[in-house]
Amino acid sequence: MSDQDAIDAIMAGLSGPALGELAELYRDLHRHPEPAFEEKRTAGIAAGRLRAAGFEVVTGLGGTGVAGVLRNGDGPTVALRADMDALPVLEATGLPYASTATTPDGVPLMHACGHDMHVTCLSGAAQLLAAGRDRWRGTLVALFQPAEEIAAGARAMLDDGLFDRIGTPDVVLGQHVFPNPAGTLLISPGEILAAADSMEIRLYGRGGHGSQPERTVDPVVLAASTVMRLQTVVSREVSPFERAVLTVAQIHAGHKENVIPDEASITVNLRSFSPEVRRTLLAAVERVVNAEAAASGAPRPPEIRTLNAFPLTVNDGDATARVREAFAGRFGSERVPAMAPLMGSEDFGLFGAEAGAPSVFWGLGGADPDLYARAEREGRLREDVPGNHSPFFAPQLLPTLPTGVEALVTAALAWLPGVQR
Amino acid sequence: MSDQDAIDAIMAGLSGPALGELAELYRDLHRHPEPAFEEKRTAGIAAGRLRAAGFEVVTGLGGTGVAGVLRNGDGPTVALRADMDALPVLEATGLPYASTATTPDGVPLMHACGHDMHVTCLSGAAQLLAAGRDRWRGTLVALFQPAEEIAAGARAMLDDGLFDRIGTPDVVLGQHVFPNPAGTLLISPGEILAAADSMEIRLYGRGGHGSQPERTVDPVVLAASTVMRLQTVVSREVSPFERAVLTVAQIHAGHKENVIPDEASITVNLRSFSPEVRRTLLAAVERVVNAEAAASGAPRPPEIRTLNAFPLTVNDGDATARVREAFAGRFGSERVPAMAPLMGSEDFGLFGAEAGAPSVFWGLGGADPDLYARAEREGRLREDVPGNHSPFFAPQLLPTLPTGVEALVTAALAWLPGVQR
Amino acid sequence: MSDQDAIDAIMAGLSGPALGELAELYRDLHRHPEPAFEEKRTAGIAAGRLRAAGFEVVTGLGGTGVAGVLRNGDGPTVALRADMDALPVLEATGLPYASTATTPDGVPLMHACGHDMHVTCLSGAAQLLAAGRDRWRGTLVALFQPAEEIAAGARAMLDDGLFDRIGTPDVVLGQHVFPNPAGTLLISPGEILAAADSMEIRLYGRGGHGSQPERTVDPVVLAASTVMRLQTVVSREVSPFERAVLTVAQIHAGHKENVIPDEASITVNLRSFSPEVRRTLLAAVERVVNAEAAASGAPRPPEIRTLNAFPLTVNDGDATARVREAFAGRFGSERVPAMAPLMGSEDFGLFGAEAGAPSVFWGLGGADPDLYARAEREGRLREDVPGNHSPFFAPQLLPTLPTGVEALVTAALAWLPGVQR
Amino acid sequence: MSDQDAIDAIMAGLSGPALGELAELYRDLHRHPEPAFEEKRTAGIAAGRLRAAGFEVVTGLGGTGVAGVLRNGDGPTVALRADMDALPVLEATGLPYASTATTPDGVPLMHACGHDMHVTCLSGAAQLLAAGRDRWRGTLVALFQPAEEIAAGARAMLDDGLFDRIGTPDVVLGQHVFPNPAGTLLISPGEILAAADSMEIRLYGRGGHGSQPERTVDPVVLAASTVMRLQTVVSREVSPFERAVLTVAQIHAGHKENVIPDEASITVNLRSFSPEVRRTLLAAVERVVNAEAAASGAPRPPEIRTLNAFPLTVNDGDATARVREAFAGRFGSERVPAMAPLMGSEDFGLFGAEAGAPSVFWGLGGADPDLYARAEREGRLREDVPGNHSPFFAPQLLPTLPTGVEALVTAALAWLPGVQR
């Protein structure tokens, strides 16, 4: 479907100094990570480049979000999305362009999840597609999203009237750098990333002296029993053919060994791959937590506060087949392996869901292929190839960067009709 | 208060053949144990002897209960109580008069709790007091109660109008043979035996194939979580200065390893020494059981069925002091030690509670004193001296029997005013 | 690969009276269910028909197993397998040929899992292939296995020297009737049925009176805590991308509400789809059970007794593709849907594993297609279409029976080279 | 035994200005609370007053402890003990002399347990007894102990050679102000305060991402299961006739809702009234904690670190009878009620234990008697009368202070033989 000549012509714009300039952009972004909803510098750079390339640009979307629109004749609207926020991780890569940035409170910051690469690739692809607009028709949208890590940025942009302001896309495309060999693109249809729901739960008891439990409602026992009961949600309430996780990663109560506290708090982190399972998990948590409080005779019911909610990331079947075919035609099938579903989560899917449009999300290999191959042989992939969120995570600039740019261009052109010359 | 001359005169009736005859009665009763509410033969013997001694006799009280009344002039009414039922235990004493009796279903029966001794002593004391009625004034009541072991007989007699039919006593006295040295009488004021409440609880789930837990509500998990939660009742809800036990002695669910059953059942056995603690325990069981069912999403709430309920046995302070003093005057203080409270239970206390009269319950030593002394020296009391309900339980006939008779006579005369001669 | 002419020629033998005779065989077998390892009548019928068809026959294999061998020139050895045992289910189908059989103890028996259909189809296919032996070359083996339901029959035949006595097959084929539309054949490569391991675990405590827990080691608490802890195996130790079940379907302890028993017993039923997960589950059960006993201060360690162990059923990729292609060519693709993996289990896989040969196991639809279609529309498949082990389970004779025969013939001929005529 | 004339003569020294001066000392101490082992100012004041009264004084005992010895002829050695440390409580009494002190770190400090009253009373009694030394013979020891609140000060003084340096007492006496009516002295023989043992337990797991529990050993589940299991120690392993508490008042694990942490920590606080029960509790905690770690497959065993250990406080029978009789003779029986045992704890008992001497510890009422009486009538004692450790705890200066002084004098003279004049 895509026209290799058109892609060739457009990608020609990346050769030589242009790639060097993009690499410099990447290093600059990497050196200047910004936390969720604070991506002002990053957003400014993205917006400036879009404008320079001829896009109409809307900024401040949902806080720091940026949208660029390039209307280029009749044809579908294709949205390409990148996320911008960094993580509170102390960089340990030792790279010359390693981050030393911190928040005002001194929390270290690092682009440990590769969003700098996402921004760079999309900036490059937008520029190339704009420069080569005589080879295609339609409308190109570039979305630079804040706050992906806390599942809040996509929602914020949408709630800020994104599609009212720039139009509704016919397809939404996105990519994420993963610790797979650089040069590969991982893509599969269907559910590829889990939905994730997190909540903080306060369990109320009644405190007192440690020697007089009968005058208290012990919140430590309540929390412990709740944690044990919550184990039965996955073990008994979810089909073994479904994929689900319920993790209580935090439990806190008490300040002194002889004083029974008034309350305990736990967090619950749920992962699921279907709306039904998600509903089962959410309902079970609420049921168990309330019943356990009742079993303790708690003076008041627990409070469940949502921390974040990542939607399920689902690649549309037809749209994914189209992108995959375009990738295979461009890069060769051997560079386009299937992407195994991950329990990790994204808020990318919200754009397509809100638009009522198909969306496709693929993986961009970023690991040194030799290192990867050796680690795989030795069964040490997890140990030797730093994964996302690791303080050692650092995509290999080449060929990751040009592959990511070319993937976006190729995928976009799978929808934007070519112009015969 | 009691008059040693009067007791001497009355007890003179026990010498020689009379004691032999009573011993024969004991051996006969021991040979013919009858289960709860089936004590027809025992009741018949007791009633016959009361009639022969001049008592007015009411039979069939609450089934098989017997009450004898001897009105002997002005004065208080003193009730002496014995229980009659045996236990489903296969006797292993090897005694010449050991039981070989069974129920019609073949369940072995044994007087493993000494109720045969209680009946014998009361029969003897009633006979002696009747024969010596010129030495005292007032009304003597002899109560032979069925079904003590299942906490049902006292209630049944009372509900059958006992006090309407024979008058309300001013004091109720009773004794129980224990594995203490024969010849001793154990007595203390206050709470001496625990209240006990037992219930069976059916926990409803929804069954299904073992490979499809998500289509079930697993009652095994529900029962297990309930058992664990019930542990917190004593550990957290009862003051350490109180005495309480909550035992789940039975748990049953399932018939096949790959079929999740529809329900589970547990029993709960509660022991307490105060009405407040008892209420705490009962309320906590109900609260926990219902909340745990809710935590499981049970299709219907648990059913809690009372199995039995033994009241707290409380010795009235003044009345106990009076009996104790009478015993000390008659037997010497060294033969009247304090009785440590026991977690075991009795329904004796219901008579006094219903009458609004004080009641006193004491222990009658039944163990071979030499055996007891040796076992105590060697720290092997529990191992070497068979306790109540053991298949080896066998009070030593002498001096247990005459001591038990004399204790009843002595205690009765502590209330019945002497007649000067 | 298979030759439609050859199949046509062979299947021609089923027309008319031959099919009627097979249907009568099915009804006869249905009327006479026999429990595991007691399949004497069934085995006798199978063996007799094999002999009549010209097979060399070995009987009494592993008890009641039967193997027939038909050597027909050079070529591969193809084994077809059927299982023979019935279930302790009281038939409720209301069919004219419904079972009224029982074990000597009065336990009702029913072919509630369709093994009568398996035996009939294999008898028919063996007869047809023998009659048409001029259309193929090689060796045909027909295996009639006892005791599939208790995971013991395949093992017993193999341990009895099956392959030493009849030779080792190059491929093993089997089918199972399922509540899918009659006329369809369900087939997929890979893991299609779970491995299942069941065990009974005795947890030892130390009994005593319910009022004296401190003198006991309470096995009810031990069992409850063990059940709760076992929930964490699936919730915490198995990847959400794996399929696993751990069910405790039985828990039993105690006989009286006031007597803490000496021990408790539970059963554990494990389901897994990979050897690694299976090892994880088995190791976790052993670890948890022993540690929980230690936490209770148990007087001796638990005893874990294996009840049964079903292997994972894995369809060989190439062999399954070959069978599927043969089915599609014979029945049309629309009648050969994929078979979704089931958590249920089989011991069929042991034959191929022992032979070192690929094996293929497919589903044979047995439900009334109209009933099935309506139920599917109404979302009432589970409610309206009786499944295996249901007292209402009854494959529709036509077209289930001839489809099952033809499937076996077709699959066998996918290996047995045709003879040109 | 005690000589009212002698007491009268000695107590005469307290009238008027002397009492005013002592009251001023109390207010000064109250204004200047010092934490455990930091009682330098308090110790200096106590030592100075002892020296001024004629005592030989040893300071710096076990850090900040002070001992004064007054040798006054033949006769027994009587030790009187007071503790000096304050608590990290923000005073809320509103008193003119309320504390505003803090630690260098800003933690507020308050004499919320009345140790200021203990120091004042002992200073006064020591001074009076020294001044009146012509009325008695023997040796008087005044002990001012640091760090009672953390169960460390008595041990520290003893380990610093206390009795080697000042001689071994024949009896050790101490008092503690309680929220009972001022003017009363509470005293009973036997176990009056519980032993308390506290420990921190680190439970080791292996952390990881919340979506991959199978790659972790979840310490939150381990901690929860441990807490539930620890409930069974009191519910199943301690006789209902014993008094025991096991409280887990702190549980902490995890920093982020999607990151399973490496470890969890809990604290355990044990209370007991007999060495046997204490041993049972300690052994059970160790057993349960280790077994639960094993059940989780923990990478390394838990670490149990003792936080503090308070001994059982046992009043010697004979010595207590002697003090009680002296109090009754001096104050009248109605002002000397029995002291009910408390689950609270003290390290006072270590002195007598180390000395091999009897010890007696009594309660000194400090509450406003009118307030107390009204609260008692209304069943609001706990709500209306501030207890020890409350930010509102404030003994009523009169008559608490002179009663406390006179109690010490009276108790001391119950041992020190009078001198006839």
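A few points about this structure:
Just so it is clear, A, B, C and D label the chains in written order, and each chain counts residues from 1 on its own.
Rule of thumb we're sticking to: a contact is a pair of C-beta atoms (placed from the backbone, for glycine too) under 8 Å apart; a residue touches a chain by one contact, two chains touch by 3 or more.
Quick caveat: nothing in here was measured; it's all calculated off a predicted structure.
Looking at the partners of chain B and chain D together, the chains they share are A, C.
Just to note, of A-B and A-D, the chains joined by more C-beta pairs in contact are A-D.
Averaging Cα atoms per chain gives one point for each, and the point farthest from that of chain D is the centre of C. Note on chain placement: the centre of chain A and the centre of chain C lie 45 Å apart, centres being C-alpha means.
The distance from the centre of chain A to the centre of chain D, with each centre set as the mean of the Cα atoms, comes to 57 Å. Centroids of chain A and chain B (each the mean of its C-alpha atoms) stand 72 Å apart. Counting only residues that touch two or more partner chains, chain C has 211-213, 218, 221, 225, 228, 231-232, 235-236, 240, 245, 271, 343. Listing the residues of chain D that touch chain A in their complex gives 194, 196, 198-200, 209-213, 218, 220-221, 223-228, 231, 245, 247-261, 264, 267-269, 271, 307, 342-345, 389. Interface residues of chain A facing chain C in the complex, by the touch rule stated above, are 228, 231-236, 240-241, 243-246, 271, 341, 343. Listing the residues of chain D that touch chain C in their complex gives 211-214, 216, 218, 221, 225, 228-229, 232, 235-240, 242, 284, 287-288, 290-292, 294-297.
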